[in-house]
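To keep things simple, chains are lettered A, B, C and D as they appear, and every chain counts its residues starting from 1.
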């Protein structure tokens, strides 16, 4: 990678992050986030329109397909910022849809008039995505679809290709459940929905991109949760001293910081490898280890943040609680730590064979 | 007063059977095995049934309306209640205040308050913590001054568990600001309907109103609503009875979490997974070893031995173990870890519920950090 | 268990511990231990004679076989003391032999004139013991025999029964390797040694006893290593303060203490269950968990003790190093943590079936 | 002086190949991939070969006899030496003292000492720590007073790595007891053969004499054997160069330990065991993530950026990771974990050797505890 390329991505990332300030207040204010919880779809359609207008959906669409052709480094920078702000909108899911569909991305989605999300997962606790179709129609289920409750279009990944389905399509039922963070996760049931399938040979890679980008979201979340906790340690007094002066808490805080910086380094180095042409095995392995690192990080920070906040940590009114519940909600998406370790263990055999 | 047999004279097996039958015959139609506390309106029938039978205050002497149970028998009663999944009643009166009244109360206080606890007419809350006095309880600032034969109270308490259900509260107040922290604290008894008392509920991470803040604004109570001597409240506040210090470290939370973990693992299809099993058996050993350690303290209680500061080890390990079990649950539950409501409407399958309910255990009742400080100094004799 | 029985075992244990003071100096002096390292067999025959004279070999021999008929609680109390003193003699191995042989224990061993040790293990990293014989003779190998370099007699466990073999038996080769603690571990090779096999249906149980007793040795070792470390924390100063006043070290010290008391509670409760008639599954399970706990404890204390001693901790001249090297040598005997967890995992199925 | 090409002008791949060829052609018949340090008599051939070729001081300027490598090239050199398993030479002179001489030394000092380091005639040892001054280095008590144009030194140093191989030692001494700790310290250069210098070897846990105590009993050295100004020694002592602070946290120890762990696991028959693999891949991720973090610092070095106090994260994590890998090795090695000598005489299969060699990494070069204190304050801005 040349120095110039390096600067390119940093400049691109800076522009994206700047644009995201429209959605994530720089002062860390979480009023919007708090209010959006447990109402309707759990997210704000206006923000999704803004996301489209800011060009986020085009980030992962190639330039010759009319997109911005940006890389995973820029995507991760965006997701990290959104994670810090606990943004509940299904931005990543829309970006995935656009990345899959490229020039086939529906105009309404591109314009921000319709919210599009990606439905890929065949079953809980596994990364299977080839189900959901039979005999040229959509049949079966897709689970854990983020933002399904407020989406207009679904990009459905199947073994037969990608199908774009409107919410009101005949034979589609959208159900869902509330999540801990105040959002909703969707369950799509297809009863022989007639669709056109768009062939796609990049599904596995788009899922790896998503796994990586989602890790960046968890990184941002953890980073902000740690910052809030450090602030608390500096001001909260017990026994006439700020509790942040107690060595045991200091050492535990440094451990969080180290884990955070490991996550950051792994995620951005992986993004760079993704952007500069890594082979399939490297992509599988590095997406898995970023997700493992980020999920473990988010849960570590959640655990320690609660403990260090003491009684305040277990109230809903303290902002830290929003981070804890979000971490609990998101840590296992795109495969939890158990699955990532299993993926990595399976890769050991390939390594041996190689 | 109800006349109860001398349960301590029974052998353990017979007493266990007596308790088991009692529970099976008398437990009302209210939830069993609840993960979070029930409010008074829900749990009231059970309180009143216990009250009717003279079983609401197991450790009080029989002459005061209790069951007069020794530590060993009390443990059996707790075990059987747990086994059946009996809801925990609003037990601050029976468990905390009653013994303190018996030890420090005047005859008039005992005559008035004890029967009201027994009958369920007085439901007590505990007012120790303040926003600036959590782990450092001696830093209380809520104050009371004597004025015309009445205490006038101003200040705030917080983290008052089920305070919204109580009609009385006992509080630590500062009655002398000129002496060192612990020396100027008194212990007052305050009706919640006294003018100037207001409460504000606090939602916890489970989004339930389990505790509240209590504000005191020129609240007046008679001078005799003090427990013990003026400025001697610290002693009473710290007088947690020996067996309570043991029971707070009982393995039951962790043991029951393990059975839920097993169900969640089966549901997730990892019960047969050797990787999962390796971690499961390590936790299972922790629970079994904790149980063995717990039993050594129970044996001491049975033998009438003193319980030292080292008993804090039980609570430290139990609460952290409970959290580690809940961590594994969250991992095994995969995407379902993020659901707000239990899968299949079965709380046992809800990893998040256990995870959240495990959080306060390392914070309340003496935070792990403060207890480790105490252990380091009082037990390991490490320097300050 | 009645109160009287309870007092009995405590009185017995007290007598055993008192008798062991002849071997383990009360002041913690380790000169003898240090000198015995890396010389000859690595242990002192006189101490083994003393052990026999003190009746230790008879502890696990039934009263009607002329023994003392003591229980595992007394045995654990003895082993705990020996562990605290890092006693290198193969006492446990001799007690095992006596427990297996009962009235068949050779007179010379009973009198302390000959050192007898037990050879049971067929292969490293497993608990198999049925090998070592074929066609009515000893054939094959027994591994990891403690004290083999200085033993006169071997009680060899095989699937065909127990054989007592003198060191100079035809067809027996005794080899061995130095261990980290300065002792030697033995490898017996049998080339068709002619022996009489004594039938024995208690082998599994004797191995469980040994696993438990060995856990008590590790407990004693850990306890003393922690005590030495706490002493150091109280006196060693850095930054003008005793390092034991630093909260981070204090909290880590409390963790060691908790793990130690868990081990003690588990070991003595298990010993009580063994003594009062536990079923086979309970014995397998509880011996495994005691060993798991004790091995993890010893390695935790070793690790933390070195770190808390700073540079002193990595010198051979500080006594703590003797404990570290002993922990490294002994932690995996009678099955390391990996094997114990595997044993426990296998028992889960029985639990399910039951 | 040898005339070397400008290696910084080469592209990285070519330079890497140059180093690789150099090593393959020149490495003498001495051990490769040693887990513990070799003594001078063993490693001397390699030192002299490096010296002959002008490769003994990679970071010194070319005009001073070094290779003049920038951080990026230096890293490549280190990587290739590591890959081949080259023994580490007695490098206190080239790595520690040389750069300090270049920065603080007089022209006369440079003219005398630098060539002797380059030639291997002077082998240096470092004398910082004392029995009462380990983590708290500013507490040094070894003292020097000026007397008749000579420093007279009395006191003791300890943990002097390979001190028995050295013929010179640089030491921190107290030259003013009246000022606060750091302010009264000077940096002296002392020949080991000066009358009054005695050493005592210390066996480490591997039973090897890797370090020693050095005693000074009225040792006299000329007044000009001081580096920098009187009482300004603390500055020099703390002036660890940026890239040394990065390299001390390099993942190489952990990475090579992983390859040994793999071999030990295969030997033990657990390489295919899913339980083992689960733990192995978690450690492998730690190594890979550390490598990514390490690379961000190397990138900074390459870009000429300043390295902040946060670089301590590398060393903290690397050393603890190395120990965690060795913990798993010990568990996997089963009974062989207790052997004094390597199984099959292959050090790679010797879990205990790795375990023991991992111990000092969290103690020397700044203990983990002290580094965490620094991180907490300087990076996390937590209060004292």
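Going forward, a contact is a pair of C-beta atoms (placed from the backbone, for glycine too) under 8 Å apart; a residue touches a chain by one contact, two chains touch by 3 or more.
Here the structure is a predicted model, which means the values were calculated and not measured.
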Quiz item: Of all the other chains, whose mean CA position lies farthest from chain B?
Solution: D
Quiz item: Would you say A-B or A-D is joined by more C-beta pairs in contact?
Solution: A-B
Exercise. Provide the C-alpha centroid distance between chain A and chain D, rounded to the nearest whole angstrom.
Key: 42
Quiz prompt | Approximate Å spacing (C-alpha centroids) for the pair chain B, chain D | solution = 55
Practice problem: Report the inter-chain centroid distance for chain A and chain B in whole angstrom, where each centroid is the mean of the CA atoms. | Solution: 40
Self-check item: Separation of chain A from chain C, taking each centre as the mean of its C-alpha atoms, in whole Å
Solution: 53
Quiz item: What are the residues of chain C that contact at least two other chains?
Solution: 246-248, 250-251, 341-342
Exercise. Would you mind listing the residues of chain D that make contact with two or more other chains?
Key: 274-275, 278, 369, 372
Practice problem: Can you check the complex and tell me which residues of chain D touch chain C? | Solution: 129, 132, 134-136, 139, 158-159, 202-205, 207, 268-270, 275-276, 323, 327, 330-341, 352, 355-356, 359-360, 362-364, 367-369, 372
Practice problem: Spell out the residues on chain B that touch chain C in their complex, using ranges where they run on. | Solution: 274, 277-278, 280-282, 284-286, 288-290, 292-293, 295-296, 310, 313, 316-317, 369, 372-373, 375-377, 379-384
Quiz item: Along chain D, where are the residues that touch chain B in the complex?
Solution: 273-275, 278
Quiz item: Which positions of chain C touch chain A when the two form their complex?
Solution: 246-248, 250-251
Exercise. Going by the contact rule at the top, pick out the chain C residues touching chain B in the complex.
Key: 230, 233-234, 241-242, 244-245, 247, 250-251, 253-254, 257-258, 261-263, 265-266, 268-270, 286, 289, 292-293, 341-342, 344-345, 348
